[in-house]
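Same chain, two partners: subunit A is paired with subunit B first, then with subunit C.
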Partner chain A sequence: MSKSSTIYKGKTGQWAFILHRVTGFLVFLFILLHIIDVSTLNDPTVYNAIHQLYGNIFLRLFEVGLLFALLYHALNGLRVIMIDLWPGVIKNEKALFQFMLSLAIVLTLVGGYFIVKPFFVGVH
Partner chain B sequence: MAQALSSRQRSRQNFETWAWFFMRISGLILFFLALVHMFIMHIENDVTQTTVAFVAKRWQNPWWRLFDWLLLSLGLLHGGNGLRVVIDDYVKRASSRTFLKATLYSVAAALFLLGTITILTFR
Partner chain C sequence: METAEAGAQAQDAMMQEVEVHLRIKRFDPDVDKRPHWEEYFVKLKPSDTVLTALHTVKWTIDGTLSFRRSCAHGVCGSDAMMINGVNRLGCVNLISDVGTSLVIEPVRGLPVIKDLVVDMEPFFAQYRSVMPYLINADDPGYTERRQSPEDRARFDDTTKCILCGACSTSCPVYWANDQYVGPAAIVNAHRFIFDSRDQARAERLEIMNQKSGVWRCRTAFNCTDACPRGIKVTEAIEEVKRAILYDRS
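So, the complex of A and B:
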C-alpha cells in the first residue's frame, strides 16, 4: 500500500471545517491587534498615524484577506447552523459549501475593489 | 450509556452544551455586527478617513458605542471559546493545554478591559 493511500484526505466537509478554524483563528488574532490599536484613541497623533498606516497598499491587501476570512467564516457558520437545525440539509452540504465559498470569494472581490481603489485614485 | 455520569462529568457536559448553543447565537449576532462594521469602516468610508474626529462624531451616538462594545465582547467570547476548543483538540500534553488556556483567558480578559475602558472613557 502506498503511503498516500493511508492518509485521510476527507471530503468537502473536512475542508470546510479546516478553513473555518483557520479563518476563525486569523480573525481572532486580528481582533486582539485591533483592540490595542483602537485603545490609542485618547492620543490622537498616534491613532491617526496608525490609521494612515492602514492605508498603505500592503495593509490594504491584508484588509482584503481579513474580509475574505470574515466572509467565509460568517457564511460557513450559517452553513453549520443550517446543518445543525435541519437534518435534511446534510444531503446538500457539499453544494452549500460550494455556494458559501463562491459567495465569499465574489463578495471579497467586490469589497476588495473598494478597499484597494483609494490607494490608486485617492479618496473620492 | 451504561454507567451514570459523575456530577463533574455532567457539569462538563452541560457546559459544553451551553458553549455549543452560545457559539450559534453569538455567531448569528456577530454575522451582522462584524460585516456591518467592516462595511462602514472599509467600504462606505476609507480606512484613512476613520480618524479620531470620525470616531468622536460616531460615538456621540451611544448606540454606536453599544454596537462596538457588543462587537468587542461577543468577538472575544466567541473567538476565545473557539480557540479553547482548538487547543483542546490539537494540544496533546495536559500541562501545555493548561498553560495555553490560562494565557488565552488572561489575554482575552485584559483586552476586554482595555476595550471597555476605551469605549467608556473616550470624550
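So, the complex of A and C:
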C-alpha cells in the first residue's frame, strides 16, 4: 500500500527515449562546465590548476561517463533519424537500439581505457 | 488421446476458480486530496476478464468503485486503464493473460474525475482538431465515392481506431506536454491524409506540421505497444512526418 507511484512499463523504445533525454542534459551540463574551465584561460595559473584536477581518477572516470553520454546520445540520435527518414527501419527499431547501445558501450570501454590509462602509467 | 486429455485438463484449469489480488488506485474528489491505493481479493476463473474482476469488486465488495465500460467486448473503447504498468482494455485481457496479482490505475496524462474515470474531453478536443471526417466538395451524385482496393489498403491500419485513448495516455511526451495532439489524433489524421477520396490533405498536413503536431513525437513506441487494435501507431506518425517532408506541393 505504501507504493504511491508506479513506473509505466514501456519497452526498449521508452528507455531509449529517457536515456536520450538524460544523456542530452548531462552533455549540456558538461558544455557549461567546459565553458567555465576554458574561460579561465586569461589566467594561466588558474587554468593549469583547474586542468590539473582533470587528471585525478574521479574526474577521469567522470570523463568516461561523459564519453558514454556523448556516444549514446549521438548514436541513438542517428537511430531516430534513420527511423524518421527510412520507412523500413522502424521494423528493426529494437535491434537497432540494441546495436547502438552495444556500440556505445564498446566504444566507451575502448575510449575509457585511454582516458584512465595515464592515471596508472603517468602522462609522459 | 493424450492431447485430448491435456486439452480437457487445460479447459478444467481455466474453469477452476483462483484468488485474484487487486490493488486499485482510488480517488474520490469529494473526500480525497490525493489518490490512494485500495486492495481487494476476489475469486475468479482464469478465463474471466479484468473488467469482470472490477465488476466483482463493484457488485460484491465496494459499490463506490467507479470505472467506465460500455460494450465490454473491446469495441467501444471505454475501459482503457493501466493494468500492471501498461495501458490495456480491461474487457479483452483475461486473468490468465495478466496474472492473479493486478495493479490497476487510471490512464495518465488526462485529469482523473473519480477512481479509474478520467476526463476524456482534452483527448476528444485533440481528435476534433485534425478534422476527422471526409472532406470532398465534389458531388458524386447518386453513387458511392469509388476507390480501388489498393487505395483503400493505404490507410487500412488507421481505420481500426476505437478512440480508447490507450496510445495517447501511454506517451511520455503526452504526459508532460498538454499542447501535443497525441498519437490518437495523428492516427485519425493519417486515416484521411492517405485516403484518395479526401481533398483536405494539405490542410491536415498543415495542422500536423504545427508545434503541437507530429514533431512532438520522439518515437518511444509506447503507443504502438499499448494499442488494443494492433495499429502500428508510431509507423503511422512517421508516415505523416514524411508526408510533410516530401509530399507537399
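In this text, the second predicted complex is superposed on the first by the 116 of 124 C-alpha atoms of A that agree within 3 Å, B and C clash if a C-alpha of one lies under 4 Å from a C-alpha of the other, contacts with A are read in each partner's own complex, and residues count from 1 in each chain.
Just so we're on the same page, a residue touches a chain if its C-beta (ideal position, glycine included) is under 8 Å from a C-beta of that chain, and two chains touch if they have at least 3 such contacts.
Predicted, not measured: the structure shown is a model, and the values here were computed from it.
In the superposition on chain A, A:Y54 makes contact with subunit B only, while subunit C stays out of contact range. By the touch criterion stated above, A:A104 is placed in contact with neither subunit B nor subunit C. By the touch criterion defined above, A:L71 lies against subunit B but remains apart from subunit C after alignment on the C-alpha atoms of chain A. By the touch criterion stated above, A:I18 is placed in contact with subunit C alone, subunit B being left untouched. Applying the stated contact rule after C-alpha superposition, one finds that A:V27 touches subunit B and leaves subunit C untouched.
A count of residues in subunit A touched by subunit B and by subunit C gives the higher number to B. Shared-chain residue A:D84: touches subunit B and subunit C both.
Once chain A of one complex is fitted onto chain A of the other, the partner contacts of A:V38 are limited to subunit B, with no touch recorded for subunit C.
In the superposed model, A:G10 makes contact with subunit C only, not with subunit B.
Comparing the two interfaces of subunit A, the one with subunit B and the one with subunit C have residues 84 in common.
Against subunit C, in their complex, subunit A makes its touches with residues 1, 3-4, 6-14, 16-18, 20, 80, 83-85, 87, 90, 93. Contact residues of subunit C toward subunit A in the complex are 23, 35-37, 39, 82, 84-86, 103, 105, 108, 170, 172, 218-222, 225, 232, 234-235, 238-239, 241-242. Put simply, subunit B touches subunit A in their complex at residues 24, 27-28, 30-31, 34-35, 38-39, 42-43, 46-52, 55, 72, 75-76, 79-80, 82-83, 86, 107, 111, 114-115, 117-118, 121-122.
Residue ranges on subunit A touching subunit B, taken from their complex, read 21, 24-25, 27-28, 31-32, 35-36, 38-39, 41-42, 44, 47-48, 51-52, 54-55, 60, 63, 66-67, 70-71, 74, 77-78, 81, 84, 111, 114-115, 118, 123.
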